[in-house]
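Here come two complexes built around chain A, the first alongside chain B, the second alongside chain C.
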Partner chain A sequence: MLNTIRPKGRVIFAYLCIPVALFVFTVFVPLIAALYYGFTDWKGGPVKNFNGIQNYVQLFHDDVFWHSFGNNLYLVVACIIGQIGIAFIIVMLINSKLVKLKGIHRTFGFFPSTISALCIGFVWKMIYDQRTGLINWYLTEVLHKYKNMKSAPIWLGGEAAPIMLVLSIPLIWQYIGYYMVIILSAVASIDTSVLESAEIDGATGFQRAIYIIFPLIKNTLLVCITLCIAGNMKAFDSIYAMTEGGPGTSSMVMALYGYNQSFKSSNLGYGSTISVGIFVLSLAVIGGSQFILNYYMTDSYDREEKKRKKIRDKEARIAMKKRMKGGA
Partner chain B sequence: MKLRKVLALCLASAMTFSLAACGGAAATAPAEAPAQAEAPAETEDAAETEEVAADAVEAPAAESAESGLAYKGEINFMHYSTSEEAEGNGSSDGFRSCIATWEEAHPDITLNQDVLANADYKTQIATKAAADDLPDVFLLQGMNTANWAKQGLVLDLTDIIKSSPDAAGYNMDLLVPFTSEGKYYAMPAVSGGTCTVVMYDSNMWKEAGFDTFPTTWADVEKASEYFNEQGIDTIAFGNGGQWQMNSCFLSCFGYQYTGTEWFDHIIAGDGQASFADPDFITALEKTKALFADTKIFNSDFNSVTNEDAREYFISGDAAAFIGGNWDYSYVAETLKAEPEKLEAMKIAVLPEGDGATHYENMQNNGFGYGLAINAKVAEDPDKLDACVDLIEYLAGPSFAEYVGSKYGLGGFYKADFDTSGLNSWDVDLYNYSYVDNKAVAIYDSFLGGDVWNTLNPGLQDLTSGKTDAESLAKATQEAYEAFLAQ
Partner chain C sequence: MQSDNGSQLMAVQDNSTGTKVKNGILGCVINVVLWLFSAMCIFPLVWMLYSSLKNKREFNASIITLPSKPTLDNYFKIFANKDANLIGAMGNSVRTTLLSVLLIVLFAFIVGYILARVNFRLNRPLYVMFLMGMLIPIHSLLVPIYIIFNRTDMANQWYTLLFPYVAFNLPVSLFLVEGYVKGIPLELEEAASIDGSAFSRTMFSIILPICKPILTTVAIINVFSCWNEFSFALVLISNNKAIATVPLALKNFTGQFTSDYPKMMAAMLITMAPVVILYFIFSKQIIKGMVAGAVKG
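Now for the complex of A and B:
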């Protein structure tokens, strides 16, 4: 009966091809194309001459690119601490019995991450503005730290505070809610009896968070960290809106630099090389961080167990070989 | 059963294709969306400007109507004169109204206009050039001429310009930015005029003890002491977009140290001038000194745009402002609400820098963009005729008369126009740009984008103390040499 309704395997296969085809066209083809263009001196237009690894040599010696890479790493670290750290704390607060109207906290916390990063950039550009911005208004009119707003700091000028720190605050602010929702759902899946028994045993809220909840949701945190790294390695929009990489190139990030090279300087060949560079470096950073985190987040018992299993397997193989020989 | 299978497969493939097509469409959507959004406004506006045009200039419509063109069909046209920009900007208004007139006169030809704001336009047109998908007619930026001509993207207009019926009236000097290897690739259009003009409130400067704007920076610095006491910025400037200090300051101020010949050699690429020349380094050092070491400019000049900075001037928070002709027309338009302040607004050339060896009254002038035709259009001679007719009209006498008699701006065509209808402030700018002062070339109308994308961020670094003049000069020279090597 069921078989008459169920379509043939080939039909299912054809339908499943659709997303694969989409993925190939939107991700794979551009990637391969960029790889190819990266080896040309393409200046925009039909003429593309193959120029070997010259672009990669240039990339290797390009101070601005490596400076941008450093800025991306700065963002990654700032956002892991800021976004996931603060999100974790907020989740713990929301989960405490003292907090009322949890749904509202959740909704408002999540709200900024639904706004486009470009808009966030423009909003924060206004907040940071020297003469009309909210921060300087507060410092001048409320705290009276400055005579007037003209003498207040120029936040986006890079002198009042490290420019990357200033730029990472909007990013952190925007995505706290995003990680908050992920962590909340992970915490909700923890068996309440575990927490209750900890409470009965006299564990404080802090102890529960660190010794019970944290280890139980570590896999979710790992996913959060990976998402955070991937997101910040391709940071572009809000920085583009706030400083365009300035002053000078002090807040340049890799994606923005690739964009500038491609479209402002019309070095599309070199721009492609940069995007390949971003791809490779992002893979390396994500892969490297996964490796380190996996190592530190699996506890020693698991590691020992893995080692023991390896030894057991090896012994079993040797024993098998011996038996085979004996048999022959 | 078999039929069902075939049908299912067909549907599946149809869906794949339609989705793939969606993917493609999504990629081009941003390009089309503004155009669509623009479309209804376009028709309304066209009607509006039509009326204005008829009021101001006696209908330039008639003449082109008789030029019977064989071509019937579409012309894709991309430019950056948005209706918003046309409201305060004379050349943009003239450009739009001329387009509307031409469209009216050629009912058989559909002009598909893709209108984007300038910053978006630059990105879009670069993308289209990269994809070899340029529209039939578009605005070519001077700095892209050499590269795009070499790529075979733009049509060689040398013979067309020389044999044009209006050729006798063309100001051939303006073609230099659009010349590559002796051939012309575009007809200068839209944004003509001066790029550097000091606007100042003469009443405020009188209070500071200056009847006219100081002629040396040393005096400006003296005045700044007075203004700073009052809590007012002496001169407002916005370099947040990184191009402003190059286009609206250095590309005029620099000549005080290097002289004009230096840049002629740079353009020619004959090896007789270099960005690492001591004179240019001095110009950079003096620029740094003015912006970083004195309190003349608003302290946030590197993080606000020229649009922000001119508001400081309009609101009286600054006693002067340095910007281009587009800023001037905007400021004048806005100050109409405050006639007293408008009357007090005067203009001046950049004062003499400390130790300047080539000082004279200078302003940088020229056309940043020119109307170019896609090289592919030549395959269809009828269409080419129509495109040539369009660009000759938009860069020709009608445009020059319109912007001349209405705004005191000059065009590629040297038109005699009636200045009686001009506002006094437009006459001031006209005299400033075309009569009283020596015109020098705007740096970034020439060479290539990669040179300026080294110098421009570098100027921000320089004026915020992160680099010194010598290393910036060296870096720019390297980019310049790479450009010449192409």
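Now for the complex of A and C:
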């Protein structure tokens, strides 16, 4: 008998109980709690009454919440275009034979994504600052567009430019390098003979990028888009650092709104309802986008290939099971 | 189009001077663009580095110039400031990060290995459960997790943050391990078993050393995510200043010194220092690890 493959149930239980218990306690228990408290008017005190679906009705009519959701979507779109688009272009440039010191570009480019989003938020708050910010300094002292810094625009005030656009720039900036590295590694795994033969056939760099590299790294781009969506649905830190959702609630995002409702107005009951809302909407956006992307980006050949792979996997699994049984 | 094709062909076939010039110009443009990009990514750090050596008045007078007489005053003041307690926060962050990463690596290895190799009744359900854990938008847990931890009196303790940090990072980490273990030939364990090695022994003294590369990756990803995490720290431990982690302390600190930018920069640089140093020493492994984690996760 092979103890390796089939240890006693007791042993497995001993190994698994702590991680699984911890995971369930931290992830699933709060989820269920959110469902429960979402039906109450709890404000953190001893008073806690059930009020049916009243919170959900309120959530449904809550303009600020839907506005926050819209802002999340805005960030998602801006970041997909900005981060992945720019990253793709930079990768194409880096891959040119004329570029030296690729490693340095990679190291420097990736650097911002290792810093906490809170820090990035604070740094950009300084860069956007009206009196002592880099952008206004540049506009005033270098381009002489304004007489002095006092008359320069207040970027984070929402009047000079759309506030969400202003806020999305730091987010985009932070992760360009991250996606750049992911795409770089995908491009590096392309068989070089494909690119060489394209070059001999006379494809320009641009043509190679669009017609050969792009389709070949499609799956990686899908992963990038998914990461982008998931990352921006949970935007919190940098917006908290830069505007805390202001001015007013114009730059509010969902997580921040839930936080404010729960801890600033201590509406824990309604905060729980918002949490459930965030949960459902985020899952819907992530799931929906996955579905659409998978459908549009896999052509018929890929689909056939997937089916075949599924069958192969199944056969392999059956074979493995047989083998295990045989061993035991 | 036609002429483009021609020049490309020439580039392949011979090195006429025209192509050389064209390539030279193109190369220049590409390199300049890339250097601009790199400079943009690194500039804020450089700006903060030298600006933190100025005092407030000098900075406000001219925000971009190098300091005329560099001083470490800001740093001394921060170290002396007992109220902000940035140094204490560094200690807290180091402890929280190290313990979390240790637990994540250990749990990810154990669970990942068992899910990959052991054929027991709960294997699939557990697999699906962790997969679901990966899909759950964790920011929807911000409020309910506060409620649960307050109810059980587990909020504002030194160990509080270990729970969310380990739980949220466990799924990705264990799937990385699981994928890796599946690539190890089964014969290895069969041989060990025939030689009389028990399950635990096989796991820890045979598989664990083989898994070292993937466990390093797991550790790297999680060091950064635990060190930088802010929102759950804000919710769960902000009532106990003594255990504040770095981002939380930074938030309190910036609340105090909103207008003193050089001092804020110094504070941020201090808190960033460990990860920045780590990053520039091990950048190659770190980039590789984080990308592997992102793509496979």
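The criterion applied here is as follows: the second predicted complex is superposed on the first by the 275 of 328 C-alpha atoms of A that agree within 3 Å, B and C clash if a C-alpha of one lies under 4 Å from a C-alpha of the other, contacts with A are read in each partner's own complex, and residues count from 1 in each chain.
Quick note on the criterion: a residue touches a chain if its C-beta (ideal position, glycine included) is under 8 Å from a C-beta of that chain, and two chains touch if they have at least 3 such contacts.
Here the structure is a predicted model, which means the values were calculated and not measured.
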Contacts of A:244 with chain B and chain C, given as first, second, both or neither: first
Chain B versus chain C as contact partner of A:182, first or second or both or neither: second
Touched partner set for A:15, first chain B, second chain C, both or neither: both
Chain A: partner with more touched residues, chain B or chain C: C
Which of chain B and chain C A:156 touches, first, second, both or neither: first
Touched partner set for A:111, first chain B, second chain C, both or neither: second
Contacts of A:25 with chain B and chain C, given as first, second, both or neither: both
Residues of chain A at both interfaces, chain B in one complex, chain C in the other: 7, 11, 15, 18, 22, 25-26, 131, 262-263, 268
Residues of chain C that touch chain A when the two form their complex: 4-5, 8-9, 12, 23, 26-27, 30-31, 33-35, 37-42, 44-45, 47-48, 59-60, 63-64, 107, 110-111, 114, 117-120, 126, 129-130, 133, 135-148, 163-164, 166-168, 170, 186, 189-190, 192-194, 197-200, 202, 224, 227-231, 234-235, 246-247, 250-251, 254, 261, 264-265, 268, 271-272, 275-276, 279-280, 283-284, 286-287, 290-291, 294-295
Chain B residues touching chain A - in the complex, by the definition given at the top: 5, 8-9, 12-13, 15-16, 19-20, 23, 122-123, 126-127, 129-130, 132, 144, 147-148, 150-153, 231, 233, 240-242, 298-300, 302-304, 317, 448-450, 453, 457-458, 460-461, 464, 466-467, 486
Touch list for chain A against partner chain B, complex: 7-8, 10-11, 14-15, 17-18, 21-22, 25-26, 42-47, 130-131, 148, 150, 154, 156-159, 243-250, 260, 262-268
Residue ranges of chain A in contact with chain C within the complex: 2-7, 9, 11-12, 15-16, 18-20, 22-27, 29-31, 33-34, 37, 90, 93-94, 96, 98-100, 103-119, 122-123, 126-127, 129, 131-134, 137, 173, 176-178, 181-182, 185, 199-200, 202-204, 220, 223, 227, 230, 233-234, 236-237, 240-241, 254-255, 258-259, 262-263, 268, 271-272, 274-276, 278-279, 282-283, 286, 321, 323-324, 327
